[in-house]
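I have a structure I would like to understand better, so I am pasting it below and will then ask my questions one at a time.
Think of it as A, B, C and D in the order they're written, each chain with its own count starting at 1.
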C-alpha cells in the first residue's frame, strides 16, 4: 500500500514481546492518527535468521536482518526502535544516534546508571543536530493515566500530599518456575525493580510532575535458586524478586512504591493513588479504561469516588479512537506512543520522555539498590 | 434501667428471624434516636412455651406468653408487632387494631389481596381513632435507598425513564434442599414473589414515587418436588421459585422486576438501577452503604458513576449513627424503622408505609399471578 | 509488504465507524493469528469520491471506488465486507453471494424479517457452492464472553435457570440531541431494538446455546421529535428509544432483555448474568476483560463470585495476544472475528454466525415489535 | 429486665464516640451470643455532671458518676471499660487492675512506651490473680478480617511474602479545619500514627501471626497550624498528619504501612493485601463484609480474586448473626469483642489482645517516631 504520504522509515531491533507490541504500534499509528510522516516498517533485526524471518513475516516487516548494525548503516532507515534486553540498549542506542538515527528505546533505559548517563549524554549531543531519542515508558500513554496528569497539572487536585504506586505481577510466585536470563543480574541488571519498578517510578514522577529526591528501600529475593530450563540444575537467582521504597519527592510529596513478581493473583496490576488538598485520583491497569476521581469540592451529600470511563472524545487520545464506552486495551498505548513520537520528531521537538528523563529513573533505581545495600536513606 | 422517659409498651408476636431483627430494633432505637416515648419490650408471644421463654430471655423481652390474644387484651401494651408467617397476619392485625393497639406488621402484608384489603380497611377505621398501622418494608430505611428517593423527589434525576429491580437469593438452587412451609402455597401464599418480589415492588414504587399500573409476568417452579425434612418423602412445591415482571408505572416509567431464589451466588442481592433525564442511581444491598450516582450535568471529561459512601451526617438517618466511613449493616434499617414508627405515632401521624400502601403491593402481587395464569397483560 | 503468504482479497463497502473497526481487523488479523490466507485490503467503496479516497488512505485500503457493484464485479476480490447502514444490506449481500463472493455483513442483518429471510436463503444456496456468509455479531469474540459460553457448553454451570441481558447506552438521553437517520424507521428499521437489542438477543442465544421461543415486550419512545441537524425544525422520531423483553428460551430458560439509549451514565454497558444449577456467570463490556464466575461446588466458607481476568493463554483467543494481565479492548474482538472468518472459509466451513442464525435474531426482533403492537405474548 | 442469668457488672469511663460504641456492645452482646454472664451496664463516669447524666440515659447506663475512681471503689462493678483519651489510660487502668477489676481499654494503649510497659506489667501481675486486661483493637473482630487470619493460620496462603496495610481518612484534608486536643502531642501522644497506625500495626501483626522487627519510617505534618475552635487564633499542630512505614516482620515477611488523615475521599478506608506462596487475601473496611481471596491452586482458566461475602454461618461470628447475605457494619465488631471478652474472663483465660500485645504495638509506634527523628532503620 502506498498512501501517498511521505514515509518515516523504521528499523526495529528485537522481535519478542516488546517487538510485537512496537510492530503493532507502527502498523496502526497512521491508520488512527493524522501523522505528518507515515511509519514504514522497513526491516527488523534479530540474531537467528529463521526466527527473525518468521517474525518479520508475522509482524509485518519488509525485511529481516541478523545484525542490528546493518540497520544503522542503511540510508533508508530514519528511526531505530530498540526492543532488545536492557544489557544491549547502550551500545545500540549510542551507535544509532551517532549515525544520525532517531531512537526509541524500550525501558529500562539501561542496566546501570553509568550506561544510562552515557546514553543521555549521547542523546543530548544528537539533539543539537535535530536527532531525537526517547524511552518507551508506554503507560504514560494510557488515556486514564494521561487524564490523571492533566488533572494535577491544571490544579484540580490542589497541593499533592501523598502517593502510593504498586506494580504487581505473580509469575515468579511458584517456587518451581524455571530460571531465565531475567533472573541473572549480569544480563538484566535487576529484577522486579528494573522491570516493574522503573515503570512505577517514571509514572509517579510524570503524573505528579515531581522528582524523587531521597528514599529508603528494601529489596527481597524470596527464592534464591531455580532449576535451569535445560539441565534442571539449580541456578542462583541474583536479582530482586520484589522492591519496596519509601520515597520523598520534590515539593514535599511523600509516598511508597512497590514492585513485585510474587503478588499472587495480580497479573499486571500497575496502579496508583494520589491524594491532594482538593481531590484524589486512583488508577489500576487491570481496569485500564477507568480513572477513579474524588472531587474535594463536591457536596458531601453526593461526593465520592467517581469512576470516570476514560473513553470520551474529550479525553487524551480518545478523539482518534472509538466512540464513548468502547474500551481500549494494553496495545493502544503503544499506538499512541508511536504517534506522539512521530509527531514530535517531525516537528523538531524532543519526544517525551527524553533519555535524560529515563536516566533520572535509572538514578532512582540505583539509589534503591544503594539504600538496600547501606540500610540508609539515600539521596537520588 | 429506668431512663425517666415515658415508655411505649411493645408486645411482639413471633420470635424467629424477623422477631430477632425487630427485638434488636426495639432494644436500640431509643439509644440512638431522640424518641418522645421509649420502647419497652414488655412481652413476646409464641406457640411453644419453652422456645418462647428462651427467646424472651435471649432477645430481651420481660415476659413470654403463648397466645398472642393475651398481648392484645393487656392494658399495658400499646403496640403489637407482628413477626409471624404471613398466613396469620390478617387475624392478628385486625384484632389488634380493633383493640386499639398500634400495629407494625411484617411483609408481605397478607397472603391474598382479599386479606390485605380487609387489613387496610381495618387500618383506615383505626386511623380515625388515632390508632396507626404500618407494614415492615424495612429496606426503605437503608440510608442509601432513602438517599436515592431524596434525589428523585428533589428533581436531581429529572424525568425518570426506566428502572430495573432485582432481588436475588440462591438458597433453593440446590435441588436437594428440603421442603418447608415456605414452599407450600397454603401457608406462604407465594414463593419468591411474596418473599422477595414484595420488597422489590414496594421499593420501586416508593423510591420512584410512582405506582405500577399494568404488567406482564411469568413465574417459574424449577424444582417441583422436594424431600420432606422429616420423612424424606417428596412433597410438591406449590409456590413460585422465581418471578419476572415487565411493569408500567404511572407517569410513563417502565421497568423490569425480578425475584429469584435460584440465582446461585447471590445471597441477598436486592438492587435497583433507575435512569432519569438528568441522572441515574444504582444500589445493591450486598454493598448497602453505597449509592452509585451519575450526574447528567457533570462535565463529560470527569463524569461517571460516583460511589457515594452513604455514611455522612447529611445522609438520611446518619446524623444519629457513627462518623463518616463507619458502615452500617442489615439490622440498622430495623432500628431506623422502629424510630420512625415511634416518632410518627407519637406525633399522631400515619407511619409509612400504611396498610393501604402495603395492600397496593399485594394488588401488584396478585396481578403478577393473574398475568402468569392468563398469559396476558394485567391492569393492577 | 509481501509476506509470501497467498492472499484473500477483501473489498469493503462503507467506511464509517464499522468500516474503521473492520479495517483494523483486516489489517491486524494475520499479524496476530496464523491464517492460511492473508487478508489483503484491496478496495473500499463509498458514495462520496473525496471521503472514500480519504478513508482509503486513512484506513489502509489500496483503492477507493464509489459504487459497491464495482467490487462485486472484480475478479481480484474474494470477500465483500458490508459495513453500510442496515437498509442496504440485503441488496449488497444478495448480489455479492450471487457473484460468488464470500460475505461478512454487519448487524443487524436487515431491517425486516422478509429481507433477512431472503438473505438467509441466498446464503443457503451459495453455501452449496462453497461460498460463505456470516454476520458480524462481534461480541461473541470478546474472550470473556467466549469463556462464558465454554463454561455453559461443558456443563460447568449445570442446568441454566435464568438470564438477564442489558445493553445500555445514553447518547439520546439529552432531549435536545439532534435527529438523524438512525431515528427514522424508514432508514434504520428500528432504534435501540435493532441496534443494541440485536446484539443482546444474539449473545444470549449463543452463550446459552438456546433459542428464544416466546416473548412479551414493550418498546418506548421517550422523546418523540427532535431538531433536524440542518434546519433545526422538529422531526418525528419513528423508532424505539428503548425495548424491554420478557423472554422464554428453549429448554425452559427464562429471562429479561433490555436495550436502551437513555440509560444515563451507561456508555456501552452491554452485559449479562446467567444463573445455573451449578454456577453463575456475569459479564459487562465496560470491564470487558473480566468474567465474574460463581462455582456452586465451592466450599461456602470461601465461595463467592470470582473475577476471572480473561487474559490467560488458556482463555479463548488469548494464546495469540499479550501475556496474562495485559488487557484487550473493543477492537480486538474484530480482529478475532476476521481471523475466525478467514479460517472457516479457507477450511470450507460455515463461519459463525450464519445468515440463518442472524435471520433468527431478526425473527426475534420482529416478534418484539409484534408483541408491542398487539400487547400479547408472541411466539418467535 | 432480669433475664435470670447472673450478671457481669460493667463500669465505663468516657462516653463520647468510643463510649457509644462500647455501650452498644454491652447492650447487645448477650442478646446475640450465649454468654456465661450477662453484662449489666451499671454506671458510666464522665467529667460534666450534665453531660454524663444525659449520656447515661441515652446510652442505657443505670447510673452516672463524675469520678472514675468511684467506679473502681464499688464492689458491684466487675469490669472497668476505659473509653477516654489515651493520656488517661495508664492511670485508670493501673488503678482498676490494682483494685481487682478486669479492664477493657481502648486503643492506643497509651501515649508512650513507658506508660504502655507499666500497664503491661500491671496486667501481668493482675493475671496471676485471675484479673484480666485487654485492649480494644476491635477490627480483629470484623468477620472478614478474622477469616483472613484463619486462612493464614491454617496454611491456605502458604508462606507469606509481603503485606500492604493502609488506614486512610480525610477529615484533616481541609486546611481550615479547626485545631483540637487530637492535634496537641501533649494530649494525644501522636496523630495519624497512634490513631490509625496503631490499628494498622496491630491488625497486620495479628492477621499474619508475625511481629514487626525493624522499620524505616517517615511522618509528615502537612498543615502546621490551625485555628482554635474558640478564638480563631492559629495554634501549632504538634502531631503527625500521616505516617509511612517500611517494615520487616519476623519470618521474612516485608511490607508497607500507611496511615493518613489527608487521603481525600477515603473516609475510613482501613485495608490490607497479603500475598503468600499459595494465595492472597485483600480486605477494605469500607466494604467490610467482603474478603477478596485468590487461591493459587485454582485452574488458571477460572482463577481470580473471589469476593467472599463473609456472611455465611461457617464464617467467624456469623453463626450468631443474620442469614447469609445480610450484612454487618462497624458496630457489630464491638458486640463480637464484648462477647469474646466476657467469654474469656468467665473461662479464666486471657482475653486477646493482652496489654502485652498492645504494648508491643506501642513499641512499634515508638520505633516509628525514633526512625523519623534519626532517619535510620530502627529495631523494634
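Rule of thumb we're sticking to: a contact is a pair of C-beta atoms (placed from the backbone, for glycine too) under 8 Å apart; a residue touches a chain by one contact, two chains touch by 3 or more.
The shown structure was predicted, so the numbers you read here are calculated from the model rather than taken from an experiment.
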>> Based on mean C-alpha positions, I'd like to know which chain lies farthest from subunit B.
In response: A
> Is the number of contacting C-beta pairs greater for B-D or for A-B?
Replying inline: B-D
> Which pair in A-D, B-D or B-C has the same interface as A-C, with over half of the contact pairs matching by residue number?
Replying inline: B-D
> How many Å are there between the centre of subunit B and the centre of subunit C, using C-alpha atoms for each centre?
Replying inline: 42
>> Measuring centre to centre with CA averages, how many angstrom lie between subunit A and subunit B?
In response: 54
> Approximately how many whole Å separate the CA-defined centres of subunit B and subunit D?
Replying inline: 35
>> Quick check on subunit B: which residues sit in contact with 2+ other chains?
In response: 266, 303-305, 309
> Given the complex with subunit B, which residues does subunit A contribute to the contact?
Replying inline: 147, 151, 290, 293, 295, 300-309, 312, 314-315
>> Going by the contact rule set out above, which residues of subunit C touch subunit A in the complex?
In response: 1, 3-5, 17, 21, 23-24, 27-28, 31, 41, 57-62, 169, 171, 266-269, 285-289, 309, 311, 322-332
> Which residues of subunit A touch subunit D in the complex?
Replying inline: 161-162, 164, 166, 168, 170, 173-175, 216-218, 220, 222, 242, 244-246, 248, 252, 254-256, 258, 260, 262-266, 273, 275-280, 294, 296, 303-305, 375-377
